Amino acid sequence: MSRAGKSIDERFSARVRKLMGRFPLHLVIVLVGLFWMIPSVGLLVSSFRDARDVASSGWWTAFQLPFQFTLENYADVLTQNRMGPSFLNSLIISIPGTIIPILIAGFAAYAFAWMRFRGRDVLFLFIVALLVVPLQMTLIPVLRLLTNMHLAGSFPGIWLAHTAYGLPFAVFLLRNFFGGLPRELLESAYLDGASNMRVFFRLVLPLSVPALASLAIFQFLWVWNDLLVALVILQDPAKTPMTVAITNLVSSFGTQWQLLTSAAFISMMLPLVLFFALQRYFVQGILAGSVKG
Amino acid sequence: MVKAFPGVFSRTRRQDINRRVRVLPWLWLLPALFFIILFLVYPTIETLRLSFMNQDSSAYIGAENYQYIFASSATRTALLNNALWLVLFTVLATGLGLIFAVLTGKVRYESLAKAAIFIPMAISFVAAAVIWRFMYAFRPEGFTQTGLVNAIGTGIGLEPVAWLVEHTLPYIDVLLSGPLHINNFAIVAVGVWMWTGFAMVVLSAGLKGISTEVLEAAHVDGANEWQIFWRIILPILSPTIAVVVTTLVIQALKNFDMVWVMTAGNYGTDVVATLMFKEMFNFRNFGWASALAVVLLVAILPVVLINIRRFRAQEETR
Amino acid sequence: MSEVRFEHVTKHFGETIAVDDLNLEIPDKEFLVLVGPSGCGKTTALRLLSGLEDVTEGSIYIGDRLVNHVPPKDRDIAMVFQSYALYPHMSVYDNMAFGLRLRKTPKAEIDRRVREAARILGIEELLKRKPRQLSGGQRQRVALGRAIVREPAAFLLDEPLSNLDAKLRVQTRTELSKLHQRLGTTFIYVTHDQVEAMTMATRIAVMNLGKLQQVGTPQELYNKPVNDFVAGFIGSPSMNMFEVRVAQEGDETHLDAGSFRVSIPPGKADRLISYLGKELIMGIRPENIHAPDFLPPGITAAKVRAKVDVIEMMGNEVFVYLLSGKKQFLARLDPRVQVSPGQEMEVIFNAASLHFFDLDTKKALP
Amino acid sequence: MSEVRFEHVTKHFGETIAVDDLNLEIPDKEFLVLVGPSGCGKTTALRLLSGLEDVTEGSIYIGDRLVNHVPPKDRDIAMVFQSYALYPHMSVYDNMAFGLRLRKTPKAEIDRRVREAARILGIEELLKRKPRQLSGGQRQRVALGRAIVREPAAFLLDEPLSNLDAKLRVQTRTELSKLHQRLGTTFIYVTHDQVEAMTMATRIAVMNLGKLQQVGTPQELYNKPVNDFVAGFIGSPSMNMFEVRVAQEGDETHLDAGSFRVSIPPGKADRLISYLGKELIMGIRPENIHAPDFLPPGITAAKVRAKVDVIEMMGNEVFVYLLSGKKQFLARLDPRVQVSPGQEMEVIFNAASLHFFDLDTKKALP
Amino acid sequence: QAGTTGEKIGTVNVLGVWGGEELANFQAMVAPWEQQTGGAMGFSGTRDLIAILTTRIQAGNPPDVAILPNPGQMIELAGDKKLVALNTFLDMNKVKQEYAQGWIDLGTVDSKLYGIFMKADSKGTVWYNPKVFQENGWTVPATWDEMISLSDTIVSSGKMAPWSVAIESGEASGWPATDWIGEILLHEFGGKVYDDWVSHSIPWTDSRIKASWEKFGQIVLTQGYVPGGAIAALATNFVDGSYLPFEDPPKAAMYYLGAFTQGFIADQFPELKAGEDYSFFPFPAIDPAYAGGVTGGANVVVIFKDNVTTRSFVEYLASPAAQQIWVTRGGFTAVNKNVSLDAYPNPLARKAAEQLTSATIFRFDADDNMPSAVQKAFWEGALAYLQNPSQLDSILANIEATAKNAYK
C-alpha cells in the first residue's frame, strides 16, 4: 500500500525530472534555430515591404505600428510574363539534372565501394579532386563541346553539363555510404543468386536512402539555383530558368532589386517542399535487426 | 603431384575468370567516366595547357604565368584569404553542422529544426546577397542604421562599421591587424551561415546509419550523452565527417560566389577564384587565370591524399 | 543492496504484447535463470530492467528505487546483448575497457581486470583486434567480457554462451558461477541450454507468451512443474504426454491410454481417485522409461509394450522413439539395448515419476 | 551432382591462419556436421566454399568444377549466416522470397514454399514483420527459412539453431533431417550442440586451430577418437584424462595414476603391454563412471576411491566432481545416489570403455 | 557572307545588361519591328555580360546581337575580328545625317563602323534640391572654386553635409569615382589631354591625371564634406547615395552622377516633382577655356552574325522612330539627332538630352572607352585611392602597368 502510494508520486517526480532534463536541449535548438533564421526573416519581412521603406529603415522596424506591409513585390514578380514558363523550364532542367547524376554516380560509387580492381582508390580520389575545378574554367571548353555536339542552347545540353558537374560530389558521398553497409548483407544477397544489378537496386539503394535523400536535396538545389551555367548554355530566352528570369527583374543599375526578395521566396518554395518531403527518409537505424554482432 | 595438378589446372582457369572480373567494374564506371572525362578532365587539361600560354593563348611562354601570379601581391592576399576560409569556414560549418545534426536528432520536431539551418542553403546567392546587405548595411554615424548588425552595434553605443569595407575594426585593431581583414570575416560568416545546412544534412544522414544497439550498449555501460558523442558517435561517424570536411575544404578553395556577390573581391576580399574570374573576363588574361586554376588543383592534393588512408581503414572495418 | 522487482510490468510493441503483467521479485545475490520459448519476452524483460525500453504499464524497482524513468546509465547494470552490440571502432581491449574508463577506474586496475577477463574467456591474443576480425564465438566472448570486467548492481546476460563450443561453455559457466559467488551481485541469465539453467540457477523463471509460468529451484521445476507447459519445457528431450482415463479394477487402479494401460500401485493411486472415470494428462520423462534388461534398481515398474519407430544413438545413451498405436513417445535407454526399427519391445515406465495434469486447466494435480 | 572437395585449402587473414591445409571430401547427399572450438575456422571454411572469401592456397571443387574463382551467385549455394544477415528493409516474407524471386519461381510456388518454411519454423504470424521487430531466435529462424525455401546444390548452415529453445531446436532438427532426406542435397552444418551433431550427422568433421582433426560417423568419433583432442571435444561433459603408468603385478596389469590404480583384466590389457613401465594418457567418459549401488549390469568394473568435491543435480542425473589427490574428474551418476561434498566414496570405472593415448603424440593407441 | 534578300526574317537573340523596366521598354521599342517584319527578339539580360559574352565568343557560340554598355569592349571585339561591320549594309549617308560625327567616330574601328550608339546619358550632372538651395540662399556654382566655397558654407551651416558620394556597385564598384575623375580631367585639361589619356598616349602617372584624382580626393576626403567620409563613400551603393539630398531632412546637398540618376530619385521619391524638388546643374567649369564640356555614356549595338534578321533589326534600332518609343517612356536619351526633344517625358529629361546635343566639348565616358582591363584597373584604383589616399602614386603606377599590356 505505502509502496503503491510512494511509487505514484515518485513516478510523477521522475517524469518531471526527465522533462526538465531535456529542457536545455530544446532551448538550445530553438534559440540557435531562431538565430539562424534572422537573416531569412529579414528577407521575408522586406519582401512584404515597400521598396522605399526598405531603403530608408531597417526591416525590423516594420513591426512598429502602423504596419505597412504590401504584396506588391509578389504581385510584380508573379505577373512578370516570363515567370510561368521559366518556372517550367527550371523544372525541366532540374529534375533530370538531379536524377541522372545520382543514378550514374550510384553505379560508380557501387563499383568503387564493392568491387576490387586495380587503381581503384587512385581513380576515385582523382574524381574527388575534380571537385575543385572551378566552374568558370570549364565553361568555355564545355560550351565549345556542346556547340560541336549541337547541344548548345538545348535542355539535353544543360542536363549533361549539370550531370557532369554534380558527379564528383555524388560519387564521393555515395561511395562513402555504400561502403558503410555491412558486408554480410550483400554477401547473403549474392548467395541468394542476386546479380550486382539486383544488389544495387534491391539492397544498396534502399539501404542508403538517407544518403540518397540528402544528395537529391543538394543536387536539386544546385541545379535549381544555378545561374551561370544556364546563362552560358541555354542562350535561348524561351528556355531560361527562373534564376535568369529573376535576375532580369533588376535593372542594369540594380534598381528594383526589392523584387529579388519576393522572387527569392517564390523560387525557394520547391526546394523547401523537397527538403521536407525527403525528411521522412532520414530514419534512425535502417540496418537494425540485420546482422548480429 | 596430386597437389601440383589442380594447381596448374586452376591457374589456366584463373585467367579467363579474372578477365571478366576485370572488365565488370569498368562497365559500372563507364557512364560516370564518360561525363567526367568529357566535361571535367578535358577542360582541366585545357586549363593546364593554357596556363603555360600567353594572355590570349597564342604562344607558349613556359612558367611565366606562374612566376607572375606568385609574384603579384594580389595573389598573396587571395591565398591568405583562402587560407582564412579554409580554416574558419570549414571548421565552423562542420562543427555547427555536426552539433545540430546530433541535437535535432533527439527531438520530435527534427525536420522543422533542421529546416531553420537548411533554408540558407536553399536561398540563391543573389538573394543571399540582398539579405546580407540588409544585415551589414552601413550608414554614417548619426544616420538611422538600416543594417541589423550596425543597428544593434550603435544600439549598444558602438560606432557603426562598414562590415564589407573596413579592414580592421577600430576597437579591435590589434586582434585583426595585418592581412586578416574584418570584411573577410564578415563574408566567411555568410559562408558559414549558408553551408552549415549542408554539413548538417549530410552528417544527419550519416548519424541515421549508426546502429541503435551500439548506442544502447554505451548507455548501459554508463556513458552520458557527452561521452557517447565523443567516444561512440564521433569515431563511428568519422568517414562521413571526412566527406563533409573534404567537400567544405574544396568549397573554401574554389569559393567564388559568396565573395562575388558580397564584395566582388573588392576591399581586399579577393580569393583565388574571384581573382581568376577577373583575370579571365575583365583582364582577358587566360594565361594567368588558368595558372590560378591550376594552383587550386594543386592545393587540393594533400586533402585528397589524406582520404586514401581513410578508405583503407574503412575497408577493413566492414 | 540490489534486489530487483517487477510489479505488473507489461510491454507492448504495437499490438504484440512482449511482456504481459510480469510480477517477479529477485532477491539480492540471486542467480536467476530466465528460460522460455523463442519470442516469449526474455530479452524484452531484460531491456525493460536495463531501461532500454520504457514499460507500457507497471513499475520496476532496483533496491527500493523506482527506476521506470531512470536512464540506463544511472541504473548501474551490466548487460550482454543477445546480438553483442560491440563497438565496431574499438579494439577488443577498448571494448572491454570502455565501461571502466567512463568510471575513471585507474589505468592499472582497468588493465588488470581486462586481462583477467580476457584470460578467463581465452581471448588474450585477440585484444588488439577489431570486432570485425573476430569469429562469432569470439565476438560473443568479447560481449561477455565487456560485462564481467565491471562490478555493477546487477548482471543481465542474454544467451551469453549460445555460440560457444561445449567445452568452452562448461569452463565459462563455472567461471561465471565463481564470479557470482565472489561479487554476490544479482545475475539475470537468459539461456536455452537446459544444463546451464540447471547447473547455474539458484532459481529458474519460466516464461511463455510474455507470461511468467513458474519460478523455483531447478529441482522444483523438474520434479513439480505447475503445469504441462513447464513440464514439457524443462528437461530435454521433453516429457512425453498421454491423454489417459483413470480406471479401476478391484483395488488396482490403472490409467488407460487406449493403446496401453499403466497400472498404479494402490499407494500411489490415492490422488487419482477423484478423477476416477475421468480423463487427464499423464506425463513421463524419457529418462524414466527403461529397457527391461537394464532396469536400474528400486523403481516402481509399469510395463508398456510399444513398437520401435526411430533410433538415435547418442554414445552414452540411445534415444528410442516408440509407437503405441498412433501415439509416438521417446525413451532414453541404455546404449547397450539391442533394438531395431519396426521391432516390438517392452519398456518399463517408472510409475513413481509419473506426472498428472488436469485436461482443461493444464494445471498439475496436487 | 554436388559432391564437394577441399584440396589443401588454406586461408590467411593477415597473420592469422583461419584454415590450414584443409583436405576434405564431402560426397553427394552427405549431412556433414562441422564442429570445433570457437575460432577454429568453421565459418571461414563455409565462406570459402560459398566463395565469399578467396582461398589463399589450394582448390575447392563442387562436383567436378573448380570453383576457386566462380563468383558466389553462380555457386548455387544456400547459406545461413552465423550473423543472420537479414535484409532489414524487407518483411520476413520478402526476406524468404527474395532468393526465389530472383530465380523467377512462379508466384504461387514462392508463396507455397515460404509459408511451408514459415510453418515449419513457427514464424507464420511474423511474415509481415521487419527483422528489427523480431526477437533473436525469430531472426535466426528467418535466416534459416531464407535458406530452406531454396533447393540449392548445397546447404551451408552456420550454427542455425544456436538461439532457439530446446524444444524448438528438437523440432527444427527433425525437420532439417527430413528436408535432407527429401532433397538429398549436401548439407554442411556447423554446430556447438553435441546432441545436434550426434543425431543429424552422417559424418562429423572435427576442426581445431584451422586444422582438420578427424572425420567420421558419430559413433566412430565417440568410440574411437584418433587423438586426445577429439576425445575431449566429443561428448559432453568431456572425457576425464589421467596420466598413468602401466604396471604389472603377477599376470594382473594395472594403471597407476599415482593417487589410485585401475586394474585391467588380462584380456583387455594386451594392447598396453608394449607400454609396460611407461606413461600414457588414460581417458574415461563421465558416463562410464558409476556409483556402486546403481551399477548397470554387465560392465568390467574397476574400483576407484575418491573424495566428493562439487555436486550438480541435473534432474535425470547428477554430475559429481570427484577429487583423487589433486586430480579432479567428473562422474555422471544416477540421480538417486546419496552423496555430499567432502565425503569419501567409491566409484566404478567401466574398464571396457577406457581410452588410451600416447603421451607425446597424443594419438590414440591402436 | 552577307544575307541574300531571299531569306526570311527570323528570331534574333540579343545579349545585353538590361533588366526590369529597361528591358520592358526595350521590348516595347522592338515590338513594332517584330510586327512589321514578322521577326522575333529573344533578349537574355545579365549583369555578368562580359563573362557570358567572352565565354560564348571563345566557345565559338556568340549571340546574334549584343548591346554593350560601353565602346571599350566593342573596340576589342572589332580588333579580334569578332564583329560584323555595319557599313556593309547600313545606308551610311542616312547614318551620317542622323548621327553626330563624334558618335560615328566612336563606333568606328579602322574606318569600319561596328557600333550604333543608343540610350546615351550625360555624365555632367550634379544633382541637388532647388528648394533646399533657395531656403538656405545657396546658389548653383558655376565654377569649381564656387563649388568648393559653397561646400564650405554648407559645412559651416551645419545643416547637412555638402556632398553625397557613393561608389559601391558590386563587381563594378568604383565607376562613379572614375566618372568624377574623368569629368574633372575634361574640365581642367580639355579634350586633347582627355583623348591622350583615353588612348593611353600619356601615362597614368602624368601629373595632370594625378591632379584630377586629387581634386576628386579633395571632395571625398575633406573633413565634413561627405557624411561618413571615404568609408561611407566606399560602402554606399551609388543608387542609395542619390537619395541623401532629397531625404527629409536632407543628409547632403549635392550628388554627382549621370543623368540616369533622375530615375533613381523618381523611384524612391515619387511624390517629388522633377525640376522643382530635384534637379541638376552642369558640372562646373574648372579651366574656363574648357567650360561647357560634358562626358557621357551610351550603349552600343554590335552584330556577331550577319544575316537579314540581324541586319533589319539593327537598321530598325538605329532609326529615330524606334528610339523615340523608348524616349517617350523615359529613362532614355536618344543619340539619333532626328528624335525630337519634345518626345522627352519631362523638362529635366529634356534638359539632360539638350546638355548632350548642345555640348561644346563632348567626350565619351573615359573608363567606358578604355580596354576592359584598364577600365577594371581604373575602378579598383579608385577604390584603393579612397582607402588610402597616400598610395596614389603607386596606384597610378599599377594602372599604368595594366595599361601598358592592354593597349596594343
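Should a chain be cited, it is by its letter among A, B, C, D and E, assigned in written order, with residues numbered from 1 in that chain.
In this section, a residue touches a chain if its C-beta (ideal position, glycine included) is under 8 Å from a C-beta of that chain, and two chains touch if they have at least 3 such contacts.
If you're wondering where the values come from, they're calculated on a predicted model, not measured in any experiment.
Asks: Touching subunit B and subunit E alike: which chains?
Replies: Expected: A.
Asks: Using the contact definition given at the top, which chains are in touch with both subunit A and subunit E?
Replies: Both subunit A and subunit E are touched by B, going by the contact rule given at the top.
Asks: Which pair, A-D or A-B, has more C-beta contacts?
Replies: If we tally the C-beta pairs in contact for A-D and A-B, the bigger total goes to A-B.
Asks: Can you compute the centre-to-centre distance for subunit B and subunit D, using the mean CA position of each chain? Integer Å is fine.
Replies: 57
Asks: List the centre-to-centre spacing of subunit B and subunit C in whole Å, with centres computed as mean CA coordinates.
Replies: Centre-to-centre distance between subunit B and subunit C: 58 Å.
Asks: Indicate the whole-number Å distance between the mean C-alpha point of subunit D and the mean C-alpha point of subunit E.
Replies: 95
Asks: Indicate the residues of subunit E shared as contacts by at least two other chains.
Replies: 51, 170
Asks: By residue number and range, which residues of subunit D touch two or more other chains?
Replies: 71, 82-83, 133-134, 136
Asks: Which residues does subunit B have that touch at least 2 chains other than itself?
Replies: Residues 21, 211, 213, 277, 280, 318.
Asks: Quick one: which bits of subunit A touch subunit B in the complex? Just the residue numbers, please.
Replies: On the subunit A side, the touching residues are 22, 25-26, 28-30, 32-34, 36-40, 42-43, 46, 54-60, 104-105, 107-108, 110-112, 115-118, 120-121, 123-138, 140-142, 145, 160-161, 163-165, 167-169, 171-173, 176-177, 179-183, 196, 210-211, 213-214, 217-218, 221, 225, 227, 243, 246-247, 257, 260-261, 263-264, 267-268, 271-272, 275-276, 279, 282-288.
Asks: Along subunit B, where are the residues that touch subunit E in the complex?
Replies: These residues of subunit B touch subunit E: 55, 138-143, 162, 164-167, 260-261, 263-267, 277-278, 280-285.
Asks: Show which residues of subunit A lie in contact with subunit E when the two form their complex.
Replies: Within the complex, subunit A contacts subunit E at residues 51-52, 55-56, 136, 139-144, 147, 152, 228, 231-232, 235-238, 240, 244, 247-256, 259.
Asks: Spell out the residues on subunit E that touch subunit B in their complex, using ranges where they run on.
Replies: Checking each residue of subunit E against subunit B gives 50-51, 54, 76, 170-174, 227-229, 231-232, 234-236, 251, 372-373, 375-376, 380, 383, 387, 402, 405-406.
Asks: Quick one: in the complex, what on subunit A touches subunit D?
Replies: 182, 184-185, 187-195, 198, 202-203, 206-207, 285-293
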